[in-house]
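Both complexes shown next keep subunit A, but they swap its partner, so subunit B is in the first and subunit C is in the second.
This part shows the complex of A and B:
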């Protein structure tokens, strides 16, 4: 994968940036992209058909590329010896801040499609709220991510429509998957510590709770046309929206850190 | 998934290049065929344009009576017809010099 070049940010201390809140934002976005990218890459070699196998693997690589760029931006914001790889791989499982929606494992194909549809649509609303923000390093990166996410939205929309339109088992499995993830669907918009500072600084267009409502309004026409369940715009466990990831993530973490942990400190 | 069928993908590497056959993908419909063509022939930014054509829509001509007739057709090929001496004679007659090779 070609890493997305990361714009060089102005030193945080010099500009009065809300560094802690930006840290929370970048960490949440990077962890989301990293976890869904790694999790969906598990389809490599076993997707329904060869073409879809390549497509899903390529989409997953795109998400890992976005994560790499976001971790890189976070490392530059933090300065010192912060490092993108260390941020991605050297934290304990309880230090990751991805949305609990992504703690539902890839499951069957319908679960992967349901989870990815809810995440991609939420991510699109989040990216829209960052477009044109006041911190140029982030808006530059967001502009590039939006161009790739456009294709992701087309791909996942096509699959949602097909599973919903297929009578019998595909539709049943899709409904089961949507019901399973529904309580956590809105966790992408769990409140971030200091998010008011981001809104105040013009970095984020609106508080997360408002973005959650925009997201629900954006997906409702499609889901109701297909006769599918519309998830709530508030998560069932909002206070744990990005924490307390539990056993499925502990397993995923052990997988994606395995090589790194095999030889700590090695130069790869 | 509904029945898969082959789609042929033509790709252009850069603006102005001809469209060349890149290969084919299997897909159940036009929308996914375009997605898969994009992933197989465009995800590394190796194409600036793709044409995706349903194989069933291609007019296929492989009839040997039409393409490989049994009689000698060598007189239709330019190989046995030497132009050089005739061109030289025509230039002498017209007084025109031999054009120089185009630059580049």
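This part shows the complex of A and C:
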């Protein structure tokens, strides 16, 4: 998705919007999409099959487009000097708020499929909880994202089934990857500061903990049918679910900020 | 990404001049008629009979082009994770994805001519087939990303536009789509370069440095002059222009554009000669070209090693997905 201009929100102070909580929500979603988009774009040019290379690159471009739109919305909400690029790029690594699920490095193809499957299914539940919310600038954007994410779900679902159904190495690799990332899967639903205000304001349909339950219920039939373990709806690392990112993100951050850091303040 | 022109149907038999029939003529006479057919500007389709020499020549030409698209992904891909704004990140990812898409389209054309994709990948990474000289060099800075997208793609499009008239129909049609996408890459590259040359002194210096390093390979890219009558690819109308015609065309379009940005072209002998209406330039280093395209360039082995490694690491996926029959889903 190309970044599209979003409707200008009414000044936050005038409407009694829960600005801090919205900041936390938009930042978490934007960082999620930015990090998974950047990570999976790394397959561009080296994916297992040319046709899949093109598909995976499109998916990561969609996620990056979503990130750009969400950062844009956040910039308008905050109303300061920071634009979408500054929000996306000009923070220290420990200031990013993406889910720890996305902190496992690219890994092999099975790892990419496992992580994407868990993230896409969680993101779908989160987007559903934002659909029809009371803050129009966000619901408009969510509507666009949902349309694209539907295709992502079909794509990743097909890969999960293929790898799970193939005996031997593909299934072994998938199980290994799931074992590595599943404990962090529910970090997508790590509690957000002030989330009760978002529920109160009718922006978010339910608290994150409840969304985690919905997500687990949504993926259980598929995983059971494929004989795969169902991940917990509470993350092992819940208290630091969106902080404390570790080595793979340190590498990613040093890469994506390299050019900008080389000449701070320059236009690119 | 889809250019409607690329979706043009293959002309129905009654709408095109058919390849001459082989019936009732000697093989030599038929080859002569086939030559006359392509010389007259008519097309050959994948299902048509064609002389072995023609099939081999088209396959070799398209395979080298496909290899170049696939290997051409790597120099820019090194900067994919470093793109410095959201817009640049999206543009560069889409551009590299386009190159993968071109490789896929071209390998499909080559597959139809009788060589499997796996065999073409094997030959590429084992050094039995070649890829374009410009993809054997390192990318040292973000400015290289701009110079490649602008000038390497521009030099390529000069050649590729002429290929839209190729006698081999599937190739000609595919080149229309590819040219349309390459023209978007050129705009992206020019925008990157323009932003840098109007930026800080170090950004501007990086562009000049990139141009200094890329000019030689760009001048070599279309190959040494060769007599038109000896070129078999021209004879079969697989391509339409000589190396020198393409280089002159590139210089005519891009020299003024580079000078307009205040950049210095690193060739003191470069000038337009009004009398001959041709560009004069320092003779490109043809030894360097030969060294580089035989995989002895500065990054040849590293890029081939990287391609080999990526292919090895994903082999299990292809084997499980492409080879194995699909078992029925399990019942819980």
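One rule holds for everything that comes next: the second predicted complex is superposed on the first by the 267 of 268 C-alpha atoms of A that agree within 3 Å, B and C clash if a C-alpha of one lies under 4 Å from a C-alpha of the other, contacts with A are read in each partner's own complex, and residues count from 1 in each chain.
Heads up, the rule we're going with is that a contact is a pair of C-beta atoms (placed from the backbone, for glycine too) under 8 Å apart; a residue touches a chain by one contact, two chains touch by 3 or more.
Computed from a predicted model, the values in this text were never measured in an experiment.
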item	value
First (subunit B), second (subunit C), both or neither touched by A:38	second
Which of subunit B and subunit C A:266 touches, first, second, both or neither	second
Which superposed partner A:151 touches (first subunit B, second subunit C, both, neither)	first
Touching partner for A:226 - first (subunit B), second (subunit C), both, neither	second
Contacts of A:252 with subunit B and subunit C, given as first, second, both or neither	second
Touched partner set for A:64, first subunit B, second subunit C, both or neither	second
Overlap of the subunit B and subunit C footprints on subunit A, listed as residue numbers	48-51, 54, 58, 162, 166
Interfacial residue positions of subunit A with respect to subunit C in the complex	2-3, 38, 41-42, 44-51, 53-54, 57-58, 60-61, 64-65, 67-68, 71, 84-85, 88-89, 108-109, 161-163, 165-170, 173, 224-227, 252, 255-256, 258-260, 262-263, 266-268
Touching residues on subunit A, where the partner in the complex is subunit B	48-52, 54-55, 58, 151, 154-155, 158, 162, 166
List of subunit C residues in touch with subunit A within their complex	73-74, 77, 79-90, 93-94, 96-97, 99-101, 103-104, 107, 142, 195, 199-200, 202-203, 306-307, 310, 313-314, 316-318, 320-322, 324, 326-327, 329-332
For the subunit B and subunit A complex, residues of the former touching the latter	1, 4, 25-27, 31-32, 35-36, 38-40, 43
